[in-house]
């Protein structure tokens, strides 16, 4: 079930330069949300029509709380960052499929790159088994470090080497000699491509959360497709809708 | 001199249903403003581009304060009404000519109708001589009554008869047997037309503040013209620009 | 007072004038997760062709000030899948179903129209502004002769009323409307999207992969209202007006300008309840002004 | 690094690519109360005719979502008053002066152009999208033959470079651009306004007295960028791009699409410093990406 709600902002903080953490009080969305799903967030400014898809970072089911962590990337997210406790944001959600939680893996890598780190927080809480979070950051602002260390081992890579392994998430995995049965990842395209190749090479299962421009967010407009390996059941062509069939795909279903 | 400023809201109150009183702190505008001038107020929402012209109601020169009193008529003024102390509004002003203060009349009518009442406040303070303010309201919400009674005699007309004379401002003048040398007026078109006719009939001087849709507010776009009796010096046709040559015109210069 | 919101399009009675704009509402009742689609006058499907189309590369959309660009490229699963899988889902709702048809050649259109004529749908809307068609890439929808010809052909195969959907990318929309009327169209719908472009100045490339895209949303509304007004004064056919409608007040502009029905498109993306709220808003307008029958308002501004 | 922002339009060197759009900036330096107009590449005057025009009845404008409609009706004081009174005011600024010319007949245009050729102005911009012209009301700007013909005529009388200003209300802008080029135009400017309409649903009448008006502002930008791109790929003439530019980033879209210069119009109403800030913004973009000469960026997105 999907809901449109006007959610109350309980708290908003800048947790790293340009990165904001937002706790929202929802009516139904938090209760139904699963890790890896996202919400459409709407601007108040009437010149910006389209929803901004933002992944669910953390769920406080008891208090119907939803945490989003996002980068002020453009005008819309900049607008969001200006609102504080007591103000509201209109949301539609929960959207998308989320990560599969029932695969029974013994040990998994949860890999987040940049602004792909946030969804790993709730995933690390809910996914059963042993978890190693591998987070890739540009510099030393290791946002969500505490949250990620609670339910999993945390390994860090930074581009500038200011913390953890100097390099990317795969460098960190190699440097630390880590292994796992499967990969659950979210982050920039090049990282996902590298992980897909790595998983194939290692014969690991791999689940990737993809990004694309969205209009409807619910599977109606066909804006947000990715190429699929086979003809997709819904589209009847080699395209899958990221908003509805994803954002999480088994790496071997899709082309990157 | 005209200024563009981001003015700080010092106070905003709803003084009658849908009528808002706004005190703004300006840098230069308040110091240079004269009664009968107006400011262009801009929306924050980027889908609304054009300025909303709002008359200057009161000036607190010492504190660089400017008071605007406006009706939440449409989306733009509705937006303004949502802002409170500490927030800002972008203004351009002071604009227009204002009422002539140096004509030496002994006794004048200051006539405001509806949302044309506010500019009479500062005018009643600054205009020399004896002043009778005649205010026409729809119902019994006599906004700005106190302010208008300070520097002038106040006579009221209401459409529904809930206060003062039942009827319009001319009915109130007649009922109270009032006379004066000149009229200074602001209000809806039908009222201004009636006052122009009345002034002609009585041989009184008459100054009317007009309204029209505006784009530039500074005389550049020719959106806001009214018909003039003679060929206008600037336009070289029988049109005058309300934003620049007005909003106040001698009634006998213009056609209504 | 009882308020009559029903309108008639070429013999098809809609319970209210609000439809959905093709391509913005899916084909399988996606928005039915938010409200009962039976609250709408009609649902218009995403454009469907006789065979599946893969559409364009991504990015397929870009936001613009109070609007958006899209170049989906008419991705669709093909008529067979539409008929077998999607149509039954739509039939569950108590609303009229209008199938939007696209094609590359006259034969494509006629093939699809013929097969749809036996299906349980109420009307067919012919999208003649596809980017890649015969005639050296110039769309059927930009030349009056081509439009008249394809309308005539399609009408030969259609056993349902035919709506011809007009492109706004023309010098004179009335000429196009007259051509469609001459070809035998039963209803006209307008406007399709206005061709636009956005450049990503930081990446120094086009914001959408197809370079150009179709602009829609509130930004285009004044163009759409103007064209509906012009067409309403040029032909006798009923008009479905669209382009930037977000609520009942917007819809009333189109109806007063001469539209018998209206479609809500891009606004669905900004608010999943937009189409339903538009229907509610029209009724609220009628109540406010005590207008008993919506028909009194069609083309009332002259 | 030294950054070169100057551009050349038919032999006229502008210190930067930013001009003002005709009709939005007056003719007598009105915006000079806010900043030194010498900060701009050129000032383009309000359209001026050989004789005074009274313009249209009010309301002449209406706001639309992220845009506006205007039907000023080319009110102007006539050429004599312009030359005697307004031009000297503009000449005080260290900027180029471009006079926008309107007319009802070919003779009107030629008369004005001839008289302006002896005046101290830098270029002439010919507005061929006036609403009321010969040929049964169809503007010179909507038929390629008519556009080519008037361009030829005007060129006979013009001793200054001639900019032909194109209307976007056409099926194929490249056809119009080629016609103006064939007629001998030195520069093209585009876009003029897109015809639109707004209806006041409460008063049940047109929001502007003229019924239709020209749409401008950010809402039209994607259409303008698309047309500039198309024209830049169709003709060899330099292009002045406009339509919805509010800042340097918007201007860069047009320059990357192929415009040599840009005009800021409606944005002046939303921010009196808009044109100056646009010039500043272009320089900031060049600095950000270390582009030494703006000319490297003209048409760089292909």
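A, B, C and D are the chain letters, set down in written order, and residue numbers restart from 1 in every chain.
FYI, a residue touches a chain if its C-beta (ideal position, glycine included) is under 8 Å from a C-beta of that chain, and two chains touch if they have at least 3 such contacts.
The chain list, named the UniProt way, goes like this: A, B = Dihydroorotate dehydrogenase B (NAD(+)), electron transfer subunit; C, D = Dihydroorotate dehydrogenase.
All values derive from a computational prediction rather than experimental measurement.
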item: Centroid comparison with subunit D (C-alpha atoms), farthest chain; value: A
item: Which of A-C and B-C has more C-beta pairs touching across its chains; value: A-C
item: Averaged-CA centre spacing for the pair subunit D and subunit B, given as whole angstrom; value: 35
item: Centroid distance [mean C-alpha coordinates] between subunit D and subunit A, Å; value: 47
item: Per-residue multi-chain contacts in subunit A, two or more chains; value: 46-48
item: Where subunit C touches two or more other chains at once, by residue number; value: 65-67, 218
item: Pairwise touch network: line, ring, star, complete, or other; value: complete
item: Residues of subunit A that touch subunit C when the two form their complex; value: 1-2, 4, 42, 46-51, 92, 212-226, 234-239
item: Residues of subunit B that touch subunit C when the two form their complex; value: 46-47
item: In the complex with subunit B, residue positions of subunit A that touch it; value: 44-48
item: Of subunit D, residues touching subunit A in the complex; value: 65-66, 218
item: Sites on subunit C touched by subunit A in the complex; value: 23-26, 30-31, 33-34, 46, 52-55, 58-63, 65-68, 70, 72, 75, 77-78, 81, 217-218, 266-273
